[in-house]
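A, B, C and D are the chain letters, set down in written order, and residue numbers restart from 1 in every chain.
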Amino acid sequence: MLQPVTEPQLAAFRLMLRARLLDDKFAALYRAGKIHGGVFLGRGQEALSVSVGLSLRKGDVFAPLIRDAAGRLAFGETILDAVRTYLGSSLGPMRGRDGNVHRGRPRDGLLPMISHLGAMISVVNGMLFAHRLKKISGTVGAACLGDGATSTGAFHEALNQAAVEKLPLLMVVADNQFAYSTPTSRQFACDELVDKAAGYGVGAHSVDATDLTACLKVVGTAAARARAGEGPQLIVAKLLRLCGHGEHDDASYIPPEMKNSTLGRDCLKVAEEYLLQQKWTDAATLATWRSEAIREIEDAVAQAQREPGPDPFAEKWNAIASEHLNETHPQ
Amino acid sequence: MLQPVTEPQLAAFRLMLRARLLDDKFAALYRAGKIHGGVFLGRGQEALSVSVGLSLRKGDVFAPLIRDAAGRLAFGETILDAVRTYLGSSLGPMRGRDGNVHRGRPRDGLLPMISHLGAMISVVNGMLFAHRLKKISGTVGAACLGDGATSTGAFHEALNQAAVEKLPLLMVVADNQFAYSTPTSRQFACDELVDKAAGYGVGAHSVDATDLTACLKVVGTAAARARAGEGPQLIVAKLLRLCGHGEHDDASYIPPEMKNSTLGRDCLKVAEEYLLQQKWTDAATLATWRSEAIREIEDAVAQAQREPGPDPFAEKWNAIASEHLNETHPQ
Amino acid sequence: MSLTYLDAIREAQAHALRDDPRVFIYGQDVGDFGGAFKATKNLAKEFPGRVLDSPISEDAMVGLAVGAAIEGMRPIIEMQFADFSTVGFNQIVNQAATLFWRTGVSCPITVRLPFGGTSGGGPFHSQCIEAIYAHYPGVIVLTPATVEDAYSMLLEAVALDDPVVFCEHKFLYRHLKAEKLPSEALPIGKARIAREGRDLTVVTYSAMVHEALEAATELSGEGWEIEVVDLRSVKPLDTDTIMASVARTGKLLCVGEAWPWGGVTAEIIARVASEGYGLLDAAPQRLNAKDTPVPYHPNLWTAHRPTAVSVAEAARKILRQ
Amino acid sequence: MSLTYLDAIREAQAHALRDDPRVFIYGQDVGDFGGAFKATKNLAKEFPGRVLDSPISEDAMVGLAVGAAIEGMRPIIEMQFADFSTVGFNQIVNQAATLFWRTGVSCPITVRLPFGGTSGGGPFHSQCIEAIYAHYPGVIVLTPATVEDAYSMLLEAVALDDPVVFCEHKFLYRHLKAEKLPSEALPIGKARIAREGRDLTVVTYSAMVHEALEAATELSGEGWEIEVVDLRSVKPLDTDTIMASVARTGKLLCVGEAWPWGGVTAEIIARVASEGYGLLDAAPQRLNAKDTPVPYHPNLWTAHRPTAVSVAEAARKILRQ
């Protein structure tokens, strides 16, 4: 007998599943040589990422990083935007100018990351700061980061800036044990990354990122606190990256013991088992969800593949917005 | 009846006094228009600074900042080096190429700061790291910083780097309540800067910088721990800057209540009273020290003023060390 | 009433804050203190909540500005010295400068850089680093040389839909005076003929305009008429005005206070040589600072950067060919 | 045995580590993993404790190198991509580059920048930013174009007493092959005539040397003999070799993959125009990437940077004058 489907875990799981299947598709396309450049997956990070996306509302700000397919979908990014960007369609949000995970729609609060780690956080601050100046209240902004990127000066300056301005920033750190091949022991020396919170004077939250229920709860609480005006909230989530740094990387440096530990659990599997065990859903429903998602993804891929790539002759080769200057000073 | 003069406070006080008098002289020269560019004083910060300098030995590394006249003298910098640099003598360590507080002798472990705040810390790390590679053990390095400079990305990256490498770094933060005119409330939001230590996994030490005895003890302990291989030590010292940011600044933004608080005490006066009260010295001795220091300073100034400034025609206008390239590729 | 270049910068900011609710100022000590150079004096009081002290975090300062710009604001960032912008460099050239091209969303931020040499400034408080910004696509780089331009170009910078690096020369801050602020101005992207002449074109910008003018006065005593072109904006560059001047004089000297390699002077000579080759009747020359850090001591500093004397000397060499 | 450009870089580092106990390597993932591009493959194992993973802290990475250099070491820093060096920029241009001039103590560090465009790289993994480093006094900037130069110039870089920014082109990493490593080489600061010709001098560097050579082959079919000068080092620049070539051909085309404003091509044209004006019998020209971020999509990327086709086209325009 199924419980009412209003359990938040259910909606979250469905998004995670979609994200995983989307990632799987990108991996397949990569192997088939259909994608230019790198492919970066969020495998194992979906529970955290979806929780972040779901904690946000319209009007909020989201700066995902490379492993946030789930959070993006939860925040409202379409599968088509993702696929078009990966396949370089000129109709995608980046028009072939940028690719893969470097996509976004700033006007909708979804920031397109630049590659420099840590650089998006202060941009989120700026948007939240502008909200304050414009007397828009009740919004929050989430910035995602990895364990490795906590070593950047940009992270430090931005988190401190948010703390000084008491901005409603969710600083989400996915401590997935590796920065590319570099283990955390070569990245930081504190016991836990969340120990940094006190040094900035921000809220501190830890969570097991393999556990969807915990993620929803902890991220939700943090978001509520930020929204209530309690200032920035640092969330540190622990997990293991269940893929290579990118699809070019076999991650053979990850020790098997780690893979076999609780940390190495797949949050999607854990959540699925939990939902089934709670009888909130059943295998048939999950199969339907899966096939629906696959169809949507396949449709998007088929569509994007039919779409034209960018045309260098039609391209406006102007980096600046001031049209009058482009006219008076052509390249 | 005087106690034996081996009390470390006595030697420290004497250096503080020399630093204060040297600073006073620079201030006077500045007012008289005899100095090109800015003058930056350590007034009120001598107890901390001298403690850092005294905690170091030959072979150690010291990266002083703008308020470290006392520490420099304690580490072995001569008054003449300071005066020559401020007066632009071509015989000084910077040969008129750089001035005022931007002086040092890297080969002697005394780093000449670049102005970019936070930038010297990782350089100290590099020297300590080289010691390790060269199998030199037992050395430490001290890097000084202000409350304001803790907001720089450079500080964060370097302290984290030292922690990861477990380098014997003394990270000395003088929380003197202001960064130029900016109060700490606009600089950070943690309760105490020392709360940052846990987030880096480094030793934590707080001290009242108006109290010489405390400074000597706390800095000495921290240095001993670093020297014993316990990794970086963060020392946060509280005081009030008893001067302008530079001598061009009247610091009228500092509230009188703050000046009149315990924080606003002059460490030199406090130390003097304590030494007299302990009967470790007497007024006559102090007067002698003072006049000896003044004489040395005046002699140095007289000498540097007689010395030639740099000659632009004799100057080698080459920024690179590779002589063969300078020859084959003259400017 | 007489206004300095610095007053003009303050007034332009006051004007922008007054006229446009989207404008705010963010930088170290810009609030109650009014900035290290007093360029924001009294503005925090006049415009409460819109002139804010930042932590010493150049990277985050610029990042915040970009975010605010995405939300439709028009932030002005003050760097305490241009030299320190190197630690905010990434956010300027990779975040702000790429936003419009990548997303179609414009990034109207103005980053004010107090730049250039003053006596006793030394290696880290004197730099002229306009070229490193101009090298990147997506950035407008302005270098006003007069009180009037400091005012009107800063206003225009704030109004532009692109990231602007506004290089204001510290040496000119209190040195230059004008009677009143202009109500009209050349648009950004147009160079100005600062002095007309027929024998040689000197193309320059910022503080060096005044050295060039002084040299021109000196040379007029020797019978030479020097035309001085003040670029005003180094990116975009007004190639047309330069070319027209060179067409008249046939001779070109480019003067810059920055280091030589890849500086404004190199860019201009490259343009004139490739696009206006036939206009030249002598080899174009350039005069820059020496290729070393900027020295602290006035003896060295005066020899390091171009001055009226060295400009005149370089001009004579070309004229006598 | 056949060696790639990447192999050459690895071998040079192995050689330096073997011969000189002062050498160590520090960078993200350079240790057991062998680096993002495998340029340090197996070196951590071969040289225990001397090839170390760094945190993601470009500023501190360079700072550490400077400190170690002061202590007499010869550190090699690997940036994961040149594009990320912007956040280590300050330590390179203001710390490392000024040390010798300020103090007389040399600063022998080598900063390796995997740079340049590859298909699908996009705006932040493709940049050619040699010019921003070359603009600053105190830095040597190297841009090897061949397997042999990648090897010998990296060895020389490590041996030099100055900070070296070593720009190794990612496109060449696996693309170029050689039979063996050289035992002799031109010194740094000397350009190489990559192909002799009498009709036009094409001055270029790094990956563009190969585009220029391809264009030259194509043009030889049309009866033109193109001389291709491979700069090897963009600072210092070998003006003599360029001038001598231009003296022979009378015509100059400069090609660079970097953005145009103030790039290597501007610097070269400025030098030739001012020092070798009489040698030219046509306007010198330059061909660069377009002045926008580097596009991700191959369609755009191919149009953004110069290629053999566009080099040939630009050359024809000059030749037909």
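We adopt the following convention: a residue touches a chain if its C-beta (ideal position, glycine included) is under 8 Å from a C-beta of that chain, and two chains touch if they have at least 3 such contacts.
The model shown is predicted, which means the values in this text are computed figures rather than measured ones.
Trainee: Does the complex stay in one piece without subunit A, or which separate groups appear?
Mentor: one piece
Trainee: Hey, how far apart are subunit B and subunit D in touch steps, shortest way?
Mentor: The distance in steps between these two chains is 1.
Trainee: By mean C-alpha coordinates, which chain is most distant from subunit A?
Mentor: B
Trainee: Could you state the distance in Å from the CA-based centre of subunit A to that of subunit B?
Mentor: 44
Trainee: Which whole number of Å gives the spacing of the CA centres of subunit B and subunit C?
Mentor: The answer is 35 Å.
Trainee: Taking the mean of the C-alpha atoms as each chain's centre, how many Å separate subunit A from subunit C?
Mentor: Centres of subunit A and subunit C (C-alpha means) sit 40 Å apart.
Trainee: Identify all positions of subunit D at which a residue touches two or more other chains, and write them in rising order.
Mentor: If we look for residues of subunit D contacting two or more partner chains, we find 54-55, 57, 59, 83, 86-87, 90, 94, 97-98, 101-102, 123-124, 137-138, 290-293.
Trainee: Of all the residues in subunit A, which ones touch at least 2 other chains?
Mentor: Counting only residues that touch two or more other chains, subunit A contributes 94, 97-98, 102, 114, 116, 151-154, 157, 160-161, 164, 186-188, 318-319.
Trainee: If every chain is a node and every touching pair an edge, decide which shape results: line, ring, star, complete or other.
Mentor: Graph shape, chains as nodes and touching pairs as edges: complete.
Trainee: In the complex formed with subunit A, which residues of subunit D make contact?
Mentor: Per the touch definition, subunit D meets subunit A at residues 28-29, 31-33, 36, 53-57, 59, 81, 83-84, 86-87, 119-125, 290-293, 295-300, 302-304.
Trainee: Any idea which subunit A residues touch subunit D in the complex?
Mentor: These residues of subunit A touch subunit D: 35-38, 88, 94, 96-100, 102, 114-117, 148-149, 151-154, 179-182, 186-188, 253, 309-313, 315, 317-319, 331.
Trainee: Under the stated contact criterion, what part of subunit C meets subunit A in this complex?
Mentor: 24, 49-50, 54-55, 57-73, 75, 87, 90-91, 94-95, 97-103, 105-107, 137-138, 140, 160-162, 187-189, 236-239
Trainee: Quick one: which bits of subunit B touch subunit D in the complex? Just the residue numbers, please.
Mentor: 61, 93-94, 97-98, 102, 104-107, 111-112, 114, 116, 119-131, 133-134, 153-154, 157-158, 160-161, 164, 318-322, 324-325, 328-329
Trainee: Any idea which subunit A residues touch subunit B in the complex?
Mentor: Within the complex, subunit A touches subunit B at residues 151-157, 160-161, 163-164, 166, 185-191, 193, 195-202, 231.
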